[in-house]
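The structure appears below as structure tokens.
Each chain gets a letter, A, B, C and D, in the order it is written, and its residues are counted from 1.
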Amino acid sequence: MTAVERTQREPGDDVLIEVKHLKMYFPVTSGVLVQRTVGYIKAVDDVSFVVRRGETLGLVGESGCGKTTTGRCVLQLYRPTAGSVLFDGEDLCSMNGRELRGMRRYMQVIFQDPYSSLNPRMTAGDIVGEPLLVQGLATDRRAYRERVAELLSLVGLRTSMADRFPHEFSGGQRQRIGVARALAVNPQFIVCDEPVSALDVSIQAQIVNLLEELQEKFDLTYLFIAHDLSVVRHISDRVAVMYLGHIVEIAGRNAIYATPLHPYTKALLSAVPIPDPVIDTQRERIPLAGEVPSPLNPPSGCVFHPRCWMATAECQQVIPELREVQTGHFVACIHAPGYGSP
Amino acid sequence: MATLLEVKDLRTHFFTREGVVKAVDGVSYAIEEGETLGLVGESGCGKSVSALSIMRLVPDPPGKTVGGEIIFDGQDLLKLPDSEIRRVRGKQIAMVYQEPMTSLNPVLTIERQLTESLELHLAMSKTEARREAVRRLEQVGIPDPERRLKQYPHQFSGGMLQRVMIAIALSCNPKLIIADEPTTALDVTIQAQILDLMKNLSREYGVSLLIITHNLGVVARYADRVNIMYAGKVIERGTARDIYRHPSHPYTLGLLNSVPRLDLPRTEKLDPIEGQPPDLMHLPAGCAFRERCRFAIARCAQEIPPLRPVSAGHLSACFVAETLLSRAKEHAA
Amino acid sequence: MAEQSGSIAVSSGVPIRGLMPGGAIWKHISRFARRKPLGAFGAVIALILIIVAVFAPFIATHDPAATNGALVYAPPGSQLLLGGDQLGRDVFSRLVYGARVSLYAGLLSAFIGASIGMVVGVASVHFGGKTDLIVQRIIDTMMAFPPLILAITIMAALGASLNNVVIALTIAYIPSAARVLRSQALAIKEMDYILAARAIGASHGRIIFRCMIPNCLALYIVLVSVFLGTAIVAEATLSFLGIGVPPDVPSWGGMLNGAAQTYVHLAPWLGVFPGLAIAIVVFAWNLLGDALRDVLDPRLRGTW
Amino acid sequence: MQAYIAKRCLLFIPTLLLATLIAFLLLRVIPGDPALVKLAGETGDASFTQAELHDLQVKLGTDKPLYVQYGKWMWGMLQLDFGQSMYFEEPVAQDLIDKFPITLELTVLAMLIATIIAVPLGLVSAIKQDTPADYISRFISIAGVALPNFWVGILIVYFLVLFFAWMPPLGYANLWEDPATNLQQFIFPALALGFFEMAFTARVTRSSMLEVYREDYTRTARGKGLAERVVILRHALKNALLPVVTISGFQFGRLLAGTVVIENIFMIPGMGRLLLDSVFHRDYTMVQAIVVVITVSVLVLNLVLDVLYGWLNPRIRYS
């Protein structure tokens, strides 16, 4: 057991999801007749974290950092290349298709795009009711209809809307349908994959509030994936920051926003504009040079070193592991205070 | 400062089979020389259409500018013949678009796309234009410009392409650059790079900037003055300080309250604007925001509130603007 | 921000207008007619064709097979509405019965060809991997055979008969149908709602029949309507060449067999009316197909 | 780009093999035994003895298993021996060498006529969208797609005979020896043959151009102040023609197939007519050989077009 596993999961902790050394490599093939693998896109590269029952873990990072892939691997929508995902102690990675289908009663997902995530040929009622049919949760026709109506009103839609098709709804309303679908099976755990980033600003808050209310009501556990750091701070209990397939920092919400330890987290936070010209101009800014390297050919050592202003020669060689430097605050940077020798 | 561009009572409508969409319906604003003006609103509020109307680039059909004036350099752009407006486009007023990936021609080299406006507007020779193109790419921070010129758009990342777009926009030393959601398609760290670059260059060359965005944070940092749009109209205008510190329209207030902020303590609950944005084809009588508004009074259902001053340089299109303003000032104090 | 209201979904990339189930069908038809007058015109002609084909015995004025020595090359209008042919048979009645052949061959081959193509395309995408690769290779190679050549070859092997024409045309349509529907299925497979279906534990069958097929249907209908037009031409071509339906069966193509060489001096109308019939019917089908495509799936514009 | 071309070329070989296999199976699997068909005659009821059948099977080589037959046939084709005609009982290769150039000339001519008229027609239609010019061009293209090529052929013959007392020329004049007569012979058939493709290409060009008109980069080009002519010629045209290049492989195939019809109407002694005659004579070896020639021509053209497409599209050129 590495330090990560030991300390992230403390005795007596009520851990619902435990992800250990998760790797998702997408093969890149080439060749004319016989396809052979010429390389891998390391979308997720050795990621470990836990999600405790009832909490929201925020997962942030820029596009292409592997946060969405991580979420899909946790749910086994992609079968990971390596590593394990324990749901209440049971390893999802070793389950077969049938066993996994059974597990879908307990874990669900909400997608980013409210347009492509709803089948345009099904009515809102059918979309919300489908999980009930698939999981055999509707005993009869009446119970089914009542449950669908209940779910729709739960997410703030009128039950009379059940017969409408997705294109008759606005973006925010569609996202509510997506939430209702996820709730249908009474899950314990929901992966929220950028659930508000495709919505208008004034609608985002509606959905965030809805997710929070539902969490309280049904004692839900969320893995909340987003690139908007302000929203993540609002909704999460703990936050993990990803960069190029790695988790570079995990800490409690207050700790990570008040005292970020990883240089990438610092830069990311400083880049978020504040809607107040006076405060915004007074903040310290850490401009990041360059762009995110290709996950096909990631840099050696610490993947962030080519853009890091603190990088030393050592950073090019050593892959920093995630270490606990303060209670509950993990960071993967050899220059972080309290990190110790690499 | 002198006024560079004045949009007066602009009306651009889309004539679709289902009905007339009044995307821009009586919008007025002015841009001073050297100023950065923000135009903020949610999708479908008409902010992009108003900018495209300035350049007369609204696709027709179905779009048509049915009324108003756009005074630039003493002449009404809407009345110029086609040959004259082409002399304004790219030379006097240039644009940076939202999607750098699709806004550059995939089958032409960066060089061709950079040099063509130089050759057209500044009558440069091929070699001169090439030299200038290299200089411009350097200026926007693209390493190895000589090699990059020979490449095609798909060989660039999104951030790099937006730099190229800025280089193209700057190339003929325009007086005004219109940036339509220039960073929406980019990551937050890249977004900061691009906005800083635009702001620095505009300061250096005294170019006016019109930044169109849905992100209140983006304009707070960069804009001198801000216009807030809702349902085809400007509903509030003022300095960035006015707008963010003393919002005096319920919509602006709602927008500011609904986004969680990193600089303030975390609140238990977000405070969203309830309801959905209105359907531009069937706008209700009176104020378009009335149905979502917490401060609505009976009058709001009958008349459209005009945009009027509430303090020096600060305008609001709300009947209860004064109440909101004094509340905001109390709150700030 | 992709917030969108109204009835146009942009980002889903999948047809959403039209094809609504339920009793609203008449409302849709009348709306279609208002928005696409040319398409409605095409639909009316298509309907007339169907009526003529179904009620041919009541519409025809003569027995299409009856020969009459006195009416050989009779000019139109005299005793026979559209004149007589080289055996003195009534051209008009033969045209009426020919509509049956055209419609039978067109409808069956378009329908079966597109259906098999859909099954192949969707299944290939669903199973993916090596299966998809092999299917793709075979489709690509089949596409190198011009459909008419494929049909002629098959007719050469099978011999002239109406049902053989249907078989030959069906086989000729499968590759292009499979190709078009495969790419549609590929696009659908990338949609989040497929992932959502997997996330709720939906079975493979459910994903194929509730998600993939319904979203291919618009394209399928468009495809059938387009194939139908080309199949009518193809049947006529085969019959014109003398390898389609047997010469004694009245068919539009067969009526033109040898026209260019034989009748030009004696009876030019023999070369005109059947061609006109084909042209009008196919023109109408194309108008209808175009309109259907615009309404059901605007992205397909210009793909054939 | 080199890798792309190499990949295309490598892919060409298995595709070619597969194509010959399909051509072979089409005629061998469906009808059963060619010897049986040949002996049974047109109506299928001619009488013959088992011994006769066996002799013929041995002669035609159809007594051996299918894979042996295919192997032999392929091996022969590699040495340019396309087999023995079942009807004329002489090698089919000579016939093909004589007739293929005639058909190819007709096809290429038709393709040229179609493309030269269609592309400008489609462009004008798109540029002048919803003007009378657009309506006329759209009418031509929708009507053109509806007119069967054999009927267009018949009408042209009628027109020529009735108004100019023209007769289909007997005998064939070689393009290189007597270009004037040759073109006189070919221009009308090529027109009839290319009519459909002209209409089709015009439609594709129009819709592709309209598509490009909606692209962001066209707006960018206008936003630079470029004249409409430059926007069209420099920015839109190349993008708009990419789909036109893609479809021309299928068009070429359709035109080759169309020669079967047109050569019969205009009495041109090409491969298309030979194919039809062979079908009537149940000359399977000949039919097979012609199908292979046509398919391989299409495949070769597709290969060329792939390379051209790669050259036109920098996304492919630089990847």
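By our rule, a residue touches a chain if its C-beta (ideal position, glycine included) is under 8 Å from a C-beta of that chain, and two chains touch if they have at least 3 such contacts.
Owing to the predicted nature of the structure, the values given are computational and were not obtained by experimental measurement.
Visitor: Going by C-alpha centroids, which chain is farthest from chain B? Tell me that one.
Guide: D
Visitor: More C-beta contacts across A-C or across B-D?
Guide: So, comparing the two chain pairs, more contacts are at A-C.
Visitor: Point out which chain occupies the most central position, where each centre is the mean of Cα atoms.
Guide: Chain nearest the centroid of all protein C-alpha atoms: C.
Visitor: Calculate how many whole Å lie between the centre of chain A and the centre of chain C, each centre taken as the average of the chain's C-alpha atoms.
Guide: Averaging C-alpha atoms per chain gives centres 48 Å apart.
Visitor: For chain A versus chain D, what separation do you get between their C-alpha means, in angstrom?
Guide: Chain centres of chain A and chain D, defined by C-alpha means, are spaced 54 Å apart.
Visitor: Using mean CA coordinates as chain centres, what's the chain C-chain D distance in Å?
Guide: Spacing between the chain centres: roughly 21 Å.
Visitor: Out of chain D, which residues touch more than one other chain, so two or more?
Guide: Answer for chain D, listing residues that touch two or more other chains: 14.
Visitor: Can you tell me which residues of chain A touch two or more of the remaining chains?
Guide: As it turns out, chain A has residues touching two or more other chains at 170, 172, 200-201, 203.
Visitor: Enumerate the residues of chain C that touch no fewer than two other chains.
Guide: Answer for chain C, listing residues that touch two or more other chains: 1-5, 7.
Visitor: Where on chain D is chain B touching in the complex?
Guide: Against chain B, chain D makes touches at 130, 214-217, 219-227, 230, 234-235, 238-239, 312-315, 318.
Visitor: For a test of understanding, state which residues of chain B touch chain D in their complex under the given definition.
Guide: My answer: residues 55, 57, 59, 61, 85-91, 94-95, 97, 99, 102-109, 112, 116-117, 120-121, 151-152, 154-155, 165, 168.
Visitor: Any idea which chain C residues touch chain A in the complex?
Guide: Where chain C meets chain A, its residues are 1-5, 7-17, 19-20, 133, 191-193, 195-203, 206, 210-211, 214-215, 217.
Visitor: Quick check on the complex: what are the chain B residues that touch chain A?
Guide: Per the stated touch rule, the residues are 42-43, 157, 159-160, 187-193, 196, 214-218, 220-221, 240-241, 244-245, 254-256, 258-263, 266-267, 269-274, 276-277.
Visitor: Applying the document's contact rule, which stretches of chain C touch chain D when the two form their complex?
Guide: 137-138, 140-150, 152-159, 229, 233, 236-237, 240-243, 253, 256, 259-261, 264-265, 268, 271-272, 275, 278-280, 282-283, 286-287, 290, 301-302, 304
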